[in-house]
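Structures are listed in the sections that come next.
Same chain, two partners: chain A is paired with chain B first, then with chain C.
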Partner chain A sequence: MSDEFVPLPAKIGMVSLEMGLNWHVASDCKQYLMFHAGVVAKEGVGLIMPAASGSGKSTLAAGLSYRGWQLHSDEFGLYDMNSQELVPYPRAVSLKNESIAVMRDWVSSVDDKYNEYFTEEFHGTPKGTICYMRPHKDSIDKMHVKTRPNLIILPIFDATATPEIRPITKAMAFFRLVLSSANYGDIGKDAFLAISRIIEESEVCEIIYPNLEEAVKLVEEFVEKTSESRGQL
Partner chain B sequence: MSDQIKNITFNVPDGNNFLWSEWEDASVVYDKRSGHTQVLNEFAREILALFEDGPKKFDDICFELEEIMGNDLDDESLALIFQTINGFDSMGLIEPV
Partner chain C sequence: MPHTDSNILINVLRNPNLMTGLSTYEWNECLREAKIAGLAGRLAADAIYLDIIEQLPLKVQNTFQSNTYKSQSSTRKIKWEINRVRRAMQGNDEKLILLKGGAYIAEELKCTQGRVSVDLDVLVAKNRIDFAEEKFLAAGWEHQVENDYDQKYYREYAHELPPMVHPERYISIDVYYTILPMTSRVKPDIQKMIKDSVISLDGFYVFSKVDMLLHNVVHLFQDEEIRSSLRNLLEQHDMFTEFGQNETFWQSLVPRAVELGLTRSLYYSLHFTKLIFQTDIPENVMTEIAPYGPGALTMGLMNWMVPAVISTTLGAGGLNRWICQNGLYMRSH
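Presenting the complex of A and B:
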């Protein structure tokens, strides 16, 4: 990880704060196996969505959190290797560019006071326009409730795509988790064993979606489809 | 790639250094010495298992695979075995005796 810091103007100091928080978690929370992923939970389902920046994972994690899911994080999946559970880290969700309007619209459909949940927009940041969104109250209330992971979904946003759930192999899911981990190489053997266990206990797939509504439907569909097999794991 | 590799006897330095996760479609091996993780398909997994049984050359591997498969290996399979052994050597999963 590079420790070079880019100076930013004071008017986007909030973005510096977020980058500093990310750096602090990535460099100091070494007791956890960390995934660059959106993580949510609901009724015994611990869902990890590993993805690169710009894939829409923040939007999807935030969107799910306003449809009954507990937001663990839109950015950092923190896995406690001792308890074998995901540890919530529901800080403000970092929304970028087009996803800002998408989330305003999404939250406004369930809460009249939606404007209170969003900060002002910060323009001209290294990632374009950024806006922060407060996690849903239920996610804050449950911030000490851990969940065992048992579902891995690789999200792919494509505005022109037909919504689809695609099967992937467990080996592919394994490597996507390895590639998304910020400290797999530092932890070594125990990280290998932990990811092997997660994959062994999880159902895995890839979803391709053109918008947030379809993405949430696909996630719910996969949860429903795998409810029986997850119960047997 | 050099054909010289066909004359070298390789073995797995210490199989206890490997940790495995195996699924129906592929196997993943973690090498405790290097800290590297590799994914192996069924064919590569079988070849590495033969090296785990004891030191072998290219011809030994081909002979044993023919025994397992019950037929002669074609040129494509021979090239794949050569490539796999070469890959194992590069990854440090096997080493010359």
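Presenting the complex of A and C:
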């Protein structure tokens, strides 16, 4: 584990706990192919959004989970190579800096009790200000319900952008999944075969968006647009 | 054997078929100990070998799958590192010898099943040590200890170069010129061991089977704390079992230990592998090594202390364990 996470002052100990959990999952759950990605599911759609930190994927996954989607994870996509399904890991969502206000706003518009879902803010952590958000109750209730992945969206946040769905090749999506995987190299051949299969069975695109609301619209639009081709799989 | 019979990890290592009948409570204890001892991957390998994986609880299967991937990737990385070392050392005209884990992997020994190695140890002749350091640094390896005090310690008292690591691969490499520290009381003749080494993977050499075993043995009983060294002792058990298929191994074992001055360590290894893992060792070898054992008092102490600390939670900890591990630490130094 990187030294910047331990030790931390007791008042931001929650952050150590989160990093410890992440570290443990990363080092001891190698039976799963792991993606650094937001993962959500709805009605047979298993959506993986691989992206680097700062792309807004955590916010987007958390945002979708308060608009009818099941949250698998905001940053730890786990894939069971035996059953070929995504495994939910709905632990508390770690919100950073500007995304804290965005999510409070987002959740408050659909739930009066939204305040209960957010922890206090932890200032001065190695990642800036952090706040934890409880996943939606439905996501927790469904934490044992797995979904087969069939949609890959690469999210790009740009505050000045015109919202747009851009086509990408399957080869590009393949490499982005490989790049986002924390244990592709450790698993080796099985990981190569798994990602090949996921890409083969998935519709893929890139979305560029200026805010959460537009991002959710683009995701829904792409889901709608691909519903027929997904149905044929 | 009061200490070891109640240890669940040791019982399962002795008889891996026991895995099919463990309760959740026993699994918790067994996997916790196995993980600390670096033997979770070994249990997984045993279960795969016996084809009992599907009879185990699902969470155990998951853990075993995780550990199997870990071990396979570690083996792959070590093999690649061996390849990189070969390349870095081009122009070297003397034997380059793989030690310990690297040698076991190169020779595909049974004890590498499920094993995780995090570093690579090699040995060169003493007059090639500066050459080796130059070559490694030129090929991109970096020193892991930078401060003058530690550098001085390695160069004056240790039997190796200060450890180096390649910044892109994270595997630490230790370059030795003999197998025990300069300060050790025992000084085996390394020239004899180098002379008898045999060709192995990728043009590297490894010690002969007997020397490979003796090196592991002396490492555990002379150089290390015995605490939490179950994995080492199990490797010795595996090597006795694997090498012992060949009668000449048993014939040359004790004479070689005499020649190198490593009889006391070998005595302990034969005694404790037999005691803890019920290793199948020919009676005549036990008779042959018997004169090299310690006095009754020391043997009594060792029989009390070694089983108490070799695993991680044996003897329920507390004062007993504290005395044993510190007593053994002093003995080794």
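Keep in mind that, in the parts below, the second predicted complex is superposed on the first by the 227 of 233 C-alpha atoms of A that agree within 3 Å, B and C clash if a C-alpha of one lies under 4 Å from a C-alpha of the other, contacts with A are read in each partner's own complex, and residues count from 1 in each chain.
By definition in this document, a contact is a pair of C-beta atoms (placed from the backbone, for glycine too) under 8 Å apart; a residue touches a chain by one contact, two chains touch by 3 or more.
Small disclaimer: the values here were computed from a predicted structure and weren't measured.
In the overlay built on the shared chain, the residue A:Gly185 is in contact with chain B and with chain C.
In the superposition on chain A, contact of A:Cys29 is made with chain C only, not with chain B. Of the two partner chains, chain B is the only one touched by A:Leu193; chain C is not. When the two complexes are overlaid on their common chain A, residue A:Leu21 makes contact with neither chain B nor chain C.
When the shared chain is aligned, no partner comes close enough to touch A:Leu8: not chain B, not chain C. Touched residues of chain A were counted for both chain B and chain C, and B has more of them. On chain A, the patch touched by chain B and the patch touched by chain C overlap at residues 185, 188.
For chain C in complex with chain A, the touching residues are 62-63, 65-67, 69-70, 72-73, 76. By the touch criterion given at the top, residues 19, 21, 23-28, 30, 32, 35, 37, 39 of chain B touch chain A in their complex.
Within the complex formed with chain B, the chain A residues making contact are 169-171, 174-175, 178, 185, 188-189, 192-193, 196, 199-200. In the complex of the two chains, the chain A residues touching chain C come out as 28-31, 183, 185-188, 190.
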